[in-house]
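What follows is subunit A paired twice: with subunit B in the first complex and subunit C in the second.
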Partner chain A sequence: MQPPSDPSSASSSASSSASSSGLSSGPSPTGVIHDIGYRGYDGPRLGRRAVARALFVHSLRGVFGIGRSAKSKVLPVGLSVIMCVPALVLAVVTVIGAGRGLLDDVPLDYSHYAMVLQAALAIFLATQAPQTVSLDLRFNTLPLYVSRPLERPDYVVAKYAAMTLGVFLLLAVPLLIMYVGALFAELPAGDETAEVAAALVGAAIYALVLSGLALLIASLTSRRGFGVAGIITTLVMTYAVATALQGVVGIDNDDAVTAGWLGLISPMTLVDGVQVWALGTDPATPAGPASDATGITFVLVTLAVVVGCLGLLVARYRKVRL
Partner chain B sequence: MSIITTDELTKRYPGVTALDRLTVSIEPGVVGLVGANGAGKSTLLKILLGLNDATSGQATMLGLDVAAEGPQIRGRVGYMPEHDCLPADVSATEFVVHMARMSGLPSSAARERTADTLRHVGLYEERYRPIGGYSTGMRQRVKLAQALVHDPELVLLDEPTNGLDPAGRDEMLALIRRVHTDFGISVLVTSHLLGELERICDHVVVIDAGVLLRSSSTADFTRATQQLAVEVTAEADAVARTLTEAGLKVGRDANLLLVELAGDATYDVVRDAVAQLGQGLVRLEPRRHRIAEVFEGGARDAAAV
Partner chain C sequence: MGVNNTIVRLTARSMLGGRRLYLLAGLAALLLALALLLRLFADVSATDSAEFIQAVSLGTLLPLFGLIVGTGTIGPEIDDGSVVYLLAKPVSRHVIVRSKLAVAVTTTVTFAAVPTFLAGLIMVGDRAGIALAYGIGALVAGIVYSALFLLLAVATRHAVIFGLVYALIWESLVGTFVPGARTLSVQQWALSVAESIASPGVITADVSLGVALTLAAVVFVAATWYAGERLRVLTLAGDD
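So, the complex of A and B:
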């Protein structure tokens, strides 16, 4: 009856009663292997909230490939490095340039960093959002989560929060590298701090909007390839369309107001518009929101995108087949 | 106390009734849930876990209502799904640790319990390799381990022997039996193979097309049907007559005499009767009815209703 591959099995039933009494008598001497039979678990069992937090930490590690195979680490780690290298170069340029009196400000606005490096950002989102949600769908792991104390919305919130924090870190670390460079260059600390703070708020908004959209697209398919293609297309195509139209309308036809509105087309230009209107940064696109009405619309649309993505994700996981 | 009760539990999908007013009560121990594919076994497990809502009726597990107290139940129950549910690119250890944490175990306890549980289900060095390279037998062990890792009071195992070869099947069945006898965890295990469950279960529930056919202890299933198979060299009819005169119930199966086993004395009666008639005894062995035969009878009864 016992599995032959289990060396402890031959004696396990015989020794189980003896071992349970042996357990209570204190720790056994080291260096001796005892078959202690089955031990139950009487320790603490954490609630829903702690479980959701554990899932958040696990997913955040997964976003950067930590705890995954070496192959899964290549892209997130590589892209993280790619995001940081330009910031490092800019920091060095700032220090040297300011030292020689050639610069009185950082060579690239903090708030433009995400836009300039959006290709790396898009690839990161396109590979890591499917890694965060599609794997559980593809490998059918979801029933194992929902047959545990966790509720389905907890799963969604933990995944969304992990992806958002992951993208935020990806954007925030280079900004801080540039900021440290500016401080070493002894640029006016007050101005630099205000600018980097605005850019960090902007990075958080970028992270919320882009993660929401990327997770939503990724959660619709268990095929990783479709997820990657869908996210890249959404981010890159809309940006291309938005900036091309802005160029035609705003620069060729000199209609900056309409060009400003066209920023609503793409997630990247949408968040940039929010930065311009709410955080007072310079637009990183051909045209930012021209009026308060446009600015308020940008903020409301951004909020709607974030809330909408979360709502749709919750709905998606409420209906998912188990 | 019953660990699982259902009362008029019904689940209808568009065009199909998966469970039809199922009322059953299950005691602690190893309980088998038997039925053909599509009989409603998996649906019942999913409703019990709160993964699916019943159309009507009630169910309790560990004394808690499945519809209202799902989270409390799910913390105390383990579930092994029927289908494959393991990620390919992580090791068994990493995966089971994560699942332990998802059941509410703190980090260090999760690691300790994972090491213990994987050892108990028979996974050793291979537990550090990615699951993608595992055999079906090893995958089934990992699935069982994730259901046991938080030391639940009850595990629901959906077709745990699916896809295993005969040796792997035997090992898995022995392991399931140990989950109860050595680990003290009650088990509800489903299968479409009656012979399997007969070997390891204390109690068997048979459902077909969502309807309860029979629920009784394994001993009840087989006790009433204990028979002796007797084969003699010749004159089987005369032997049968003599045995009937001696007060035994005798049936025929081709040239075999099936004598109802009333007690140890029956063996002596048969021996003496055969000797009296001057015949040789070719075979004398207990013949235990398989649950399958009971099931077939039950199915026929149900079909007749």
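So, the complex of A and C:
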């Protein structure tokens, strides 16, 4: 597939040849494209990058249900509200508590917010990732995309970027609400800014890892229900297993080192481990990475997950038949 | 009871014929593998094992199973419209629901309750009756979840989503903050049954046994009956 080198001349030559053949082949009217006088498009033709950007914006709007039916808006909007309400409550509590001198820090660490509300986060991913990719597979719309200057990897990158930004916004807005609450409460601004910045970086990593996994699972099936079940099972089951094992090994057996390594099992605990080691936050799990070696492994595994998901998605879409 | 053998056979085939079987068997195998690993490489007391099984099996595995299996028996058929061929047959809608439910319950028991019992056996042997307690608890939970999620699948096209919201947000998040919500939690009913079987003090539940059994039975019967009623008035026109 090759984009036309000079689109305007290509289209004009095509129309002129069509009209000339329509005039010359008078006797046999079969198989002729008649020039019935429609005006051709001679405006600017945007290239590959513009198509990818349009797909990105369209997908990002789709993640939150914007531009879709009212029924499709219920879940993403509802879950966004569920994500923000606790932050709002915490912000109010911070302002009132600090005003009475009861609090000298935010009641919940910024970096723990994603972990505490992971049920809503998981449902958001499980419903919106299949929404983003499965429908195109099911209704065979992919040929319409790649018949444009858009290449297949561009499709993957645009979808991945849109999902990642969507999840990041879902996580970042509540953090900023809590941060504003902390500023109103006149807590030490420097500390709060450093903490919220670390949590925002963590949110970006959460978004990258979780979106990659969710899109990969969703892209394997054109059935929405199966994608939802697969993503939820992966996220919830691995988390339950990881924390249960950490509880048994780390707390009951007093083996914090092994328990730290067990955080690699689940995407949620994996990113939390990266936050703990690289961003210096407190672990939100029974045990964080205990040593530098563990921490570096967590970072490397996180990178491998992100790159691997992207690579597998590209490979997956190379195989989609048109 | 009244089930239709042909419907049972066809449902079982579609349920266990495709990729869903791998997912279900994989989850069951995962539970057993974890139990084996903990038994071999960690020194686990009976109480810790109980907590582990409770968190992984009753807390996570069973709601997911109930969801996948309960909605999976009829959801896809309603989704792609092939349920009309079933509804066009001179079979009572209640019989259809009961047949589907029979398959769902059997599948949940095979792939969730039995592995839970075996995992308990692997981890603690027959100490303190833990294995049997959680096995029976998982059985109760599996039966109620199947009926509940089957009803959801008949009542709404977004059954999986509503099921998730119930299983994840109501049972874990709301239950943690609002103690009253725990009375209306399938998980707590199952725990209450398990509590009554195991030695005293190993398992704690927030609901008394009588209340739990009554509520579980009422929900099971009511959900099954109402699913039949909803199937009688099912509209097939796509609304989204």
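Everything that follows uses one rule, which is that the second predicted complex is superposed on the first by the 285 of 322 C-alpha atoms of A that agree within 3 Å, B and C clash if a C-alpha of one lies under 4 Å from a C-alpha of the other, contacts with A are read in each partner's own complex, and residues count from 1 in each chain.
By definition in this document, contacts are C-beta pairs under 8 Å (C-beta built on N, C-alpha and C of every residue); 3 or more make two chains touch, one makes a residue touch a chain.
This is a predicted model, so every value here is computed, not measured.
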Report for A:Ser69: first if it touches subunit B alone, second if subunit C alone, otherwise both or neither.
both
Can A:Leu150 be said to touch subunit B (first), subunit C (second), both, or neither?
first
Looking at A:Val236 after the superposition, I want to know if it touches subunit B, subunit C, both of them or none. Which is it: first, second, both, neither?
second
Looking at the overlay, does A:Val228 come into contact with subunit B only (first), subunit C only (second), both, or neither?
second
If we overlay the two complexes on their shared chain A, which of subunit B and subunit C does A:Pro44 touch? Say first, second, both or neither.
first
State whether A:Thr127 touches subunit B only (first), subunit C only (second), both chains, or neither.
second
Mind working out whether A:Leu245 is in touch with subunit B, subunit C, both or neither, as first, second, both or neither?
second
Tell me the contact category for A:Asp292 with respect to subunit B and subunit C: first, second, both or neither.
neither
Residue contacts with subunit A in the superposition, subunit B compared against subunit C
B
Shared subunit A surface residues [contacts with subunit B and with subunit C]
69, 71-72
Which residues of subunit B touch subunit A in their complex?
46, 49, 51-52, 71, 74-75, 77, 79, 81, 83-90, 94, 98-99, 101-107, 109, 113, 116, 119-120, 122, 130, 146, 150-151, 171, 174-175, 177-178, 181-184
So in the complex, the part of subunit A that touches subunit C is made up of which residues?
69, 71-72, 75, 82, 119-120, 122-123, 126-127, 223, 225-226, 228-230, 232-233, 236-237, 240-241, 243-245, 247-249, 252-253, 255
In their shared complex, at which residues does subunit C touch subunit A?
19-20, 23, 27, 30, 34, 38, 42-45, 48, 51-52, 55-56, 59-61, 64, 67-68, 71-72, 75-76, 79, 158, 160-161, 164-165, 168-169, 172-173, 239-240
Complex contact set, residues of subunit A against subunit B
1-6, 8-9, 12-13, 16, 37-41, 43-48, 50-51, 54-55, 58, 67-69, 71-72, 135-136, 139-141, 143-151, 322
